[in-house]
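In structure tokens below, several structures.
One chain, chain A, appears in both complexes that follow, with chain B as partner in the first and chain C in the second.
Now for the complex of A and B:
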């Protein structure tokens, strides 16, 4: 049994189904990310775990105990809100001390603990400031320190970095990871930023419409998405809608696509081939012999985005657009819109989703 | 921080913005300052000559002093009760969700559109000696209707009637406060282990204090100046300042100068109490 365990948890708001028989198990000490689009139920999941509301059905366990029979206070959960929710009338020190005071700790312990936390997050010189006198990043740190002060069993972070600019966000991301690792607190981190999720998590749970679509290590989610939704959400992908022909060949837009199909599929079943832009190679006409090559298609350049080290080119094959990433080079820059090119799909990297 | 203040105004724009204030300034001058100046001037005239006789009379006669005392008593009581009832009511209304809130808030505003006279008469119809509640109570508990309704025509009766139009004012002021309150603060406090009492004292109260102060100031100012309801219920039977002013400008012995002086003193008293109250508490509540 996981340290946090949700079993068949459902929650609806009127007609809206926020969580639909959700199952989730979080291991002790890990950082698990809930990744999903707006409205998929991430915040609702956190609020149920924190005890701010009750599920319509299902069970929640924390550290082996039934959480539904515990009060909010007894759950001992540290939570960081998207807007930080710092107490505006209390100083930084008093914000961090709030939970310790509420739990009746001694003045001495409060002073030591708060001081230690403020130093850890590098904000000790702001102890007597009001939250409104801090930058967004500093407020974020205070919110984290306030949540950690009670030495929570579980730390819940609801899009903690989404209100910050990119630089601060990237820096704080690793700081959160470091603090989480040092304190060893079991953490659920909510985000809709796939890069953030992949870079800091031990495991990622991709959510869609109140359910978990896939749960796994970041690399596994990225490389082996199990559904089209996950593939789409976790990276930029091409989706080729094809039908099976035989065990080695698919038919796509009338072309043959050489690709091992999953066993057990009868001919003529519909499948989706997922292929990343970096696994679609781009050639100028004449650069590669057209005869005898597999998975090579002729198309026209329909657009081009320069992304720094790589350039993404959209190629129209028949009426379908395929994205192809190449290392930025003079050859790629010289491509004109409408120019005929060849794309080769590296089907060894492709994934077939049924 | 999630909420940012308004965009700062550039110097050139600022001068331009003052133009929009001109109509407001004109209205205030025309309908507030000018009459006040006339009233002030007339209050300083006695038989056509400049004198403090009107003020002297007010400060020395029992009738006047006791009218101020009753006005203060009435207004402080209604303000306190109205505030204490209005806060939880507004909370309940706000927490009912947007649809119930719209309905309840429109119901709440109904008492505000009636003139004070209508409020007064409706109380007589309901609670007067032949009012229907009085008659029902007579049937049920065999009370004496005249004795029962007599209280309506005292300052205590006025408290009840005033609350009818004061509580909605408090509710409307407070609804805005609840709407702008960050409810995550409540969850944050509870989750950190605070009891409901501690959460109320340390988190909710500081956040709503400015609205509570604004609302109760409004209640106090409205009670001090209310006339119609008191007049309809008691005629001039209860000795409060607005009714006394009326007596001096309407009855046989018209004493306009006295009425003017009463008006000036009532204005001064009300404004200074509100100002002192706001100074005292706004300071305290914005920085803990």
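Now for the complex of A and C:
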């Protein structure tokens, strides 16, 4: 049994099914991320664990005990919200001390604990400031310290970085990871940002329509998405709808697509080949011999986006658009819209979803 | 036609007496209104359905009927069920009950303006509902409420002129009395209006002062 365990949990809001028979097991000390688009049920899951609402059916266990018969206070949970939710009328120190005071700790213990936390988050010098005098990043650090002060059994982070600008977000991401490691607190992190989820988590649960579509280590989710939805969500942007010809050849738009590893399917089955833009190679005409090359198709450039270190080029092969990412270079910059090019699909990196 | 304020001057002491009655009635009604409004306003947000309903009904009835009718009910109506109040007492109670309905909505708005996340944060940190209200919500709510409360107090001062219909010699009543002996209607009510203006200016200045003192940032 996991440290946090959800069994067959369902929750509806009127006619909308927010959670549909959800099962989830979180190990002690791990950082698990619920990743998904808005409305997928990730925040509902978090709020059920916190006790802000009750499931319509199913069970929730925290540390082996039935959480549904526990009050919010008894669950001993730390929570951090997207909008910080600091108490604006209290100083940073008092914000962090708040939970300890509510639990009747001694003044001495409160002082030591708050001091230690403020040092850990690196804003010990702001103890007497009001939240409004801090930057967004600093406020979120205080919110984190406030949540950790009561030494919670579970730390819940609800889109904690979404309100911050990119630079602060990237920095705080590692900060959260470090603090979570140091404190060893079992953590559930909710986000819709796949990059954030992949970089911070021990495991990621990709959610869709109130269910978990795939649960696994970040690398596994990224390299081996098990459904089209997961693939799409973690940034595999090319979906080629094809049919099987034989075990190792697919037919796509009348072209043959040779696979490196055969799929055990009967001929004429419908499949989706998912492939990342970085695994679609782009060549100018004449750059590569067209004869005898597998999975090489002729197309026309239909668009180009400069993304800094890489440039994404959209190539129309027949009527289908394939995205190809290349290291930004003079060659790529010189491509004109409508220009004929060759794309090569590296099927060793492709995944076939049935 | 020329305005001649000298006709009014001999009556200034009467005006000041009337103004004093207006101020007294307003202050008492404000206090009653604040007490009722706080209770009813909190009654609208606490998680207890029957209380929510009673509080809602109070606001609904008070705001949906004329103050003048409410005053008549208290002063002329209550004696028929054996409750006889002095005119001034009846007037102050009526104004207070009426103001309570409006203050309740201000209190509710002030409380609801405090972000919900803070309440949830307080809950997980181990605070009871009442502790959360007291330490987190109300200090912020009061600050949110001040501008609207200032308006409500000013409205109440002006509406206290309706007390003249209960034969209370407050400022407006004094105006009518002086007019009936001097026949200088315009001059009399210009003076009355100016005195109201002084009172309402004092109220708004005071509220702004308190606002600034409470404004931490």
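Just so it is clear, the second predicted complex is superposed on the first by the 348 of 354 C-alpha atoms of A that agree within 3 Å, B and C clash if a C-alpha of one lies under 4 Å from a C-alpha of the other, contacts with A are read in each partner's own complex, and residues count from 1 in each chain.
Convention: a contact is a pair of C-beta atoms (placed from the backbone, for glycine too) under 8 Å apart; a residue touches a chain by one contact, two chains touch by 3 or more.
These numbers come from a predicted model, not from an experiment.
Visitor: Does the chain A-based superposition show chain B and chain C clashing or fitting?
Guide: They clash.
Visitor: Should A:136 be classified as contacting the first partner (chain B), the second (chain C), both, or neither?
Guide: After superposition on chain A, A:136 lies in contact with chain B alone.
Visitor: Classify the contacts of A:70 with the two partner chains as first (chain B alone), second (chain C alone), both, or neither.
Guide: In the superposition, A:70 touches no partner, neither chain B nor chain C.
Visitor: Quick one: is A:314 in contact with chain B, with chain C, with both, or with neither? Answer first, second, both or neither.
Guide: In the superposition, A:314 contacts neither chain B nor chain C.
Visitor: Is A:163 contacted by the first partner chain B, the second partner chain C, both or neither?
Guide: first
Visitor: A:81 in the overlay: touching chain B, chain C, both, or neither? Say first, second, both or neither.
Guide: A:81 sits against chain B and chain C alike.
Visitor: In the overlay, one of 1-9, 19-27 or 145-153 from chain B clashes with chain C and the rest don't. Which one?
Guide: In the superposed model, chain B runs into chain C at 145-153.
Visitor: Which chain A residues lie in the overlap of the chain B contact set and the chain C contact set?
Guide: On chain A, the overlap between the chain B and chain C contacts is residues 50-52, 72-73, 75, 77-79, 81, 83-85, 87-89, 98-99, 102-103, 132, 146, 150.
Visitor: Quick one: which bits of chain B touch chain A in the complex? Just the residue numbers, please.
Guide: 1-2, 182, 184-185, 187-195, 198, 202-203, 206-207, 285-288
Visitor: Tell me, which parts of chain A touch chain C in their complex?
Guide: Touching chain C: residues 50-52, 72-73, 75, 77-79, 81, 83-89, 98-99, 102-103, 130, 132-133, 143, 146-147, 150 of chain A.
Visitor: In the complex formed with chain B, which residues of chain A make contact?
Guide: Interface residues on chain A, with respect to chain B: 47, 50-52, 72-73, 75-79, 81, 83-85, 87-90, 98-99, 102-103, 131-132, 136, 139, 146, 149-150, 163.
Visitor: Provide the residue numbers of chain C that touch chain A in the complex, in ascending order.
Guide: Within the complex, chain C contacts chain A at residues 115, 117-118, 120-127, 131, 136, 139-140, 216-217.
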